[in-house]
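We just call them A, B, C, D and E in the order they show up, numbering each chain from 1.
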Amino acid sequence: MQRIMAEKAKELLQNGTVNRVLGWKKGEFVYDITPAVFNNTEEIDAEFVYDDFCANNLSKYLIKESRKEGKVLVFLKPCDTYSFNQLLKEHRIWRDHVYAVGIPCDGKIDLDCLKKQDIQGIVGIETQNDNFIIHTLYGDHTIAKEDALAERCLNCKSKKHVIYDELIGRDGEVLDSHRFDMVEKIEAMTPDERFAFWRGEFSRCIRCNACRNVCPACSCENCVFDNPKSGIANKAAADSFEENMFHIIRAFHVAGRCTDCGECSRVCPQNIPLHLLNRKFIKDINEFYGTYQAGEDTESRAPLNIYNTEDVEPSIVYKKGGNH
Amino acid sequence: MIFSYYPGCTLKTKAKELNFYAYQSAKALGIELQELPEWQCCGGTYPMAKDETATKLSSVRALTLARDLGNDLVTLCSACHNVLKQVNNDMQNDEKIASKANIYLQLKTPYHGETKVLHYLEVLRDCIGFEEIAKKVVNPLKGKKIAAYYGCLLLRPSKVMQMDNPENPRIIEDFIKAIGAEPVIYPFRNECCGGYLTMEDKALTQKKSNTVMGSAQEFGAEMITTACPLCLYNLRKNATEHDLPVIYFTELLAEALGVKED
Amino acid sequence: MDNKEKQKERILRVSGVNVLKCMKCGKCSGTCPSYDEMDYHPHQFVYMVEKGEIEPLLKSKSIYKCLSCFACVERCPRGVEPAKIVEAIRLEVIRKQGENHLKPNQIPQLLDEDLPQQAIVSAFRKYSK
Amino acid sequence: MQVNEIKEFRPKIVAFCCNWCSYAGADLAGTNRLNYPSDVKIIRVPCSCRVNPMFILRAFQRGADGVIICGCHPGDCHYTSGNYYARRRMTLLFSMLDYLGIEKERTRVEWVSAAEGAKFAATMNDFVETITKLGENKRLEDLRCKE
Amino acid sequence: MQKIGVFVCWCGSNIAATVDVSAVSEALSHEPGVVYATNYQYMCSEAGQNTIKDAIKKYGLTGIVICSCSPRMHEATFRKTAAAAGLNPYMVEIANIREQCSWIHKDMATATEKAIILGKAAIAKVHLNAPLTASQSPVVKRALVIGGGIAGIQTALDIADAGFEVDIVEKSPTIGGKMSQLDKTFPTLDCAACILTPKMVDVAQHEKIKIYSYSEVEAVKGFVGNFEVTIRKKARYVNENVCTGCGLCTEKCPQKNVPNEFNLGMDKRRAIYIPFAQAVPKVATIDANYCMKLKTGKCGLCEKICTAGAIDYSQKDQLIEQKYGAIVVATGFNPIKLDNFEEYSYSQSPDVVTSLEFERITNAAGPTSGQLLRPSDGKHPHTIVFVQCVGSRDTSGCGKPYCSKICCMYTAKHAMLTREKYPDTDVYVFYIDVRTPGKNFDEFYRRAAEEYGVHYIKGMVGKVAPKADGKLMVQASDLISNEQLHIDADMVVLATAIEPDKSARPLATMLTASMDTNDFFTEAHPKLRPVESPTAGIFLSGTCQGPKDIPETVSQAGAAAAKVIGLLAKDTLTANPCVAHSDEMMCNGCSSCEKVCPYGAITYVDKEFRMPDRTVAIRRVAVVNEAVCQGCGACTVACPSGAMDLKGFSNSQIMAEVDAICK
């Protein structure tokens, strides 16, 4: 796949369709992937990579990249296309400066899973049926995919590319995932348990802002948490309230816009399951206002920017909101 | 269509034909009435007092049983229908009564009025449809002028019974039309026959029953039909000045459907 | 609270009726089928309970004449439910030891071969505790 | 000091009222001299849709024990649709607070028209009672803001 | 730092009786920024206002806080006061310590404590206030009156007489409304048609009034001074400008079996019809539900016989767009449906009629040509029972909780006229209370009882039972004699409750005017602004605001007209400056705000920005049209970046209030 993509990139660079390519490159280690812009075929030959470690959602980078001169080629996994579409809907990306190539994805590895299995010194990876063969300095490890894939990939919501200029490989389907199972589990807890659960999670937050910086929906010119005029500007949480506040407000600001790409949880150095906040909003929106998938298209109105005169009353929360 | 069925004590004794013809007709209409495995007398009259719980428990048991079977609960006797619907309403809306009843009965899943209670007539109207019934009539009661007698328990209190317009009902009239006969509308069809006062004050009951039957007769009725054993009794026994036949509606139904066996 | 007030309070509680909602239109009495057999009439029950004049009602024969036909409940424009007041007054009487209006030994002579069970249990429930 | 005097808990309650219906409803409650506890303090906003979740969190941070938002009945919004947006926003926000284990009873939305002075007073009495039963807001407090 | 003055009003004893006003001014004087604090008996009085003006000048105040009654009451007053002293009027904040404090709390300590907190919140807010300048918008000098009954007619005439253009939109083919269906009017017994018809003609002939009959309001946009209204003129299949109203077609049309709504269905009209002789405009209308030509294509008789050539079967509904400066609602009432009152056998006997039907029966142009004959057999009734409060004062859910106000009087009128014309008739009136608060009203009612021998019985009818012999058995209680009565009547007349016309609710939504739970329009102030809706530019005339008799309706109609004239006399209006504003440095251009704006006040522009690194970036940013924005604030919450804020109710102002209250 990497080879086909690299060839495609070079072809489009050479025939002048695009001026730059947005893709992935290795860092210091093979699993240490970073997004990168390649300006010519040489750079692609030297550094372009696409493998089971390339988890990053590249769509957010297009906010800046698409505003530059010329056209940029971007490779988008199915879930990334939702973010891309959502950003288009919000007029954040200049569409005619982007050449989007949809690429297939069979799920990406969660490095923490490998760490837990005590797999170290990784130098390469291969796929074999339902397993990954991890090459390490100390020999090969075989690990079942379900033990190595990220949670968001195990619960993949869609293998379908909702937007692209060109597709490599075949398009997939929207999947019937179990992504709300954990939300339901939390809902079934007592309020005390829920409170304890989230306190346990949020208290680890170090306000590194990684979640915010990676989130395609958190792309404000000036975040309210950085803006002294907003009244809630805050650089580091001083106490539990501010920990809660940051995450509630962040989740609320992306409610109805979050495509559930899962980048927030992926990048959190403290492993806070932030996606469970977003999924709660998504689940509620689906239940209260009908199924809605942000980024599925560019026309529909976001659930918080529309209403129905017959909408449920807020008091529904008292009736159904989980356990007492 | 399967329903749980609550016959009530009178239908097992003095009003056997009300029950019998209901079964026969149901069969002909493709309805299965499954008698609740254990039921007790509803008490005949709804205990209105807010502090009465014990007297409501037999109804709650029946309602809970139907819920656990996953069926709507059908009744036939006007009194049972009235008591079951009113108690069910309490279980839905009166927190105090509901919590007391649930504590008494120590139910696994507390009951809060989930069961839908239907009168047999409502099944005919809402689940089958009078038009459908008309199609299945093989023996239309052509030319018969029949007066529907509702009495008080079938329709009132209308907010709870939710059956028909309490002052100008049409469910039995529509039923009468469906079986090919001609309904007679008269103003006393929803006024009381004297009810259980027949035990206490015959004169009063006779006055009431006479007014009802007299009014029906005045408007040309040849026969009165009812759903209530006590109404039937009073009209037959206590309407001393008149002499119209009084027949359960299920008997008419069975006759029209051609399934009436004696 | 003296006994009279307690009694009133009990009747209001047992009936669940708010007598203050009554606007004294008299529709309950205009509608009652047992009116002529009663010494006190439905609207008087409501008003006398409001005034706390309960004693005469306890002695009234009206409480055994009410048919519980719910006509007054159905037609009351204020949702007062006079029948429930009548029931509460009757209970106030028959709940006392020895005050049953209908005693089991009276029943056999009241029966005839067609009388439905429904009539017996209803009457028993209405008149006895 | 051996025994701390137990102070009777008096909740702090912030009520956001839309200018057209609920604030007028509150005025009517006053005109009709309908009592409700002084613990309720009203902030006038043009419309219930002006209420930002930030305000609600801010109130809890600064020591509020309950926050209630009152607007025109659905269909009656002075701005035609504001309360519909507010309804969605608050439904989702309250559900999230509940999900985080924060007592859902501390937040409420009520529709009170300009003609419903009695409803306004009854609502406030009920809300204060609920909050008083719940006690002090502990789960969304900011200790630095407490005396 | 602002220099703030605090003014605490006693409101006589309204505030001072429960709030220690001097304690409040004392406490607030120590708040940061407060340079002057005082209290006074009546801040809204001239002396009170002078105190404020003097303090503004003397202390150079930059902001003031008035602790007084509701801002809905006197905010405008105090803003004017500030402006008169040279202070920007939007530097005024009101702490509502009357309606929301002194009037609801009994304990002085509690009320005082709360008043101080409310004062602090207002001070906190005013610290963040900025002077605002209201923009001016022109006033369209034309009024719209919705509804052509007596209320609409009177309002339209009064506005037109003052020299302004008025359009009346009436949904039926003629103006005249309910009053045109009445026979006599209480308490003077003059004939309704005799006093209404001249007014209808005045309307038709007034050069400033245009009638859109058979028309409905389809959509309303805009705001006070500048409403844009779409009117649907329904196809009547007759060219209004050509039809002479000769009525030939209405006699020749072969479709004779159409229930005549003017006579409440008690007789028939043709498919092409003129509702009644004095109709305005007097033109025919084809009822598309019955016309054979329109339904089947066959017939066409009216076209053939119309000498004027007015028939046009191809007519379509027409949409008319018109601008108005003010809108008057005069949608009127209807009797309620009696489905929930079948104990009176309304649908079971033709001889049980509503009062409005009785009105038609006694009217010379009615179905019986004014003869009192009962509908079932056309015989003269000898016993008539009138039942009052049918569906009024009903809290059971079957009827209306309010008193319909007019029934006592018209029933007395009906009873009296019946007895006068037909002395051989026994007339009974069952009543709960007889309510006669009006000039000459009680005298009128007493005449019915004393001079005309009408039997007034305190009690209520429980049941009306039609008998086979055609009589109606009326069972009722007589509360005074404590007996149940059974009267054999020939006719029963039900004084049916009235309710607002069904068109009022959707109209209220279009106008964003508020309604009460009974669908009556709410007035801006129940006593002081009874003919204005809280929504600026919308006025109320007649029974759409509450039950009223004719004299009251006419006075209110005139009052509404006076308010409209006051508005239209102005050339410009001052707009509300508390509008949304987008900080373009923070705006993402995401369109969230645009999506929720009910007024379409937000647009986007691509704008060049010089970035810190000296590059130039083009960004899409929101721009608010301040003339169109009404200041609801929906956009401010939809905006994820906090770029959108609302002047006068900014995020920081509201949070400052929150902080002050929670301290």
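To be clear about the criterion, a residue touches a chain if its C-beta (ideal position, glycine included) is under 8 Å from a C-beta of that chain, and two chains touch if they have at least 3 such contacts.
Predicted model, so just to flag it, every value in this text is computed and none were measured.
The most distant chain from chain D, with centres taken as the mean of CA atoms, is B.
Contact count check for B-E and D-E (C-beta pairs in contact): higher for D-E.
Using CA-based centroids throughout, the chain positioned farthest away from chain C is A.
Taking each chain's centre as the mean of its C-alpha atoms, chain A lies 53 Å from chain E. Centroids of chain B and chain C (each the mean of its C-alpha atoms) stand 24 Å apart.
With each centre defined as the average position of its C-alpha atoms, the distance from chain A to chain D rounds to 36 Å. Rounded to whole angstrom units, the spacing between the C-alpha centres of chain A and chain B is 62.
Shared interface positions of chain D, i.e. residues touching 2 or more other chains, are given as 53-54, 58, 75, 81, 85, 89. Contact with two or more other chains is made by residues 224, 230-231, 304-305 of chain A. Of all residues in chain B, those that touch two or more other chains are 166-167, 191. Pairs of chains in mutual contact: A-D, A-E, B-C, B-E, C-E, D-E.
By the touch criterion stated above, chain C contacts chain B in their complex at residues 13-16, 33-34, 37, 64-65, 67-71, 73-74, 83-84, 87-88, 91, 101-102, 110, 112, 114-123, 125-127. For chain C in complex with chain E, the residues that touch the partner chain are 21, 23-32, 35-36, 41, 43-44, 71, 74-79.
Those residues of chain B that touch chain C in the shared complex are 8-10, 13-15, 41, 43-51, 55, 77, 79, 152-153, 156-158, 166-167, 191-192, 194-201, 204, 208, 228-230, 232-233, 236-237.
Those residues of chain E that touch chain C in the complex are listed here as 343, 389, 393-399, 432, 458-463, 475-479, 482, 484.
Residues 70-73, 96, 98-101, 103-106, 110-111, 113-114, 117-118, 121, 508-509, 512, 514-517, 522, 534-535, 578, 596, 598, 630-634, 636-638, 646, 649, 651, 654-655, 657-659, 661-663 of chain E are the ones that touch chain D when the two sit in their complex.
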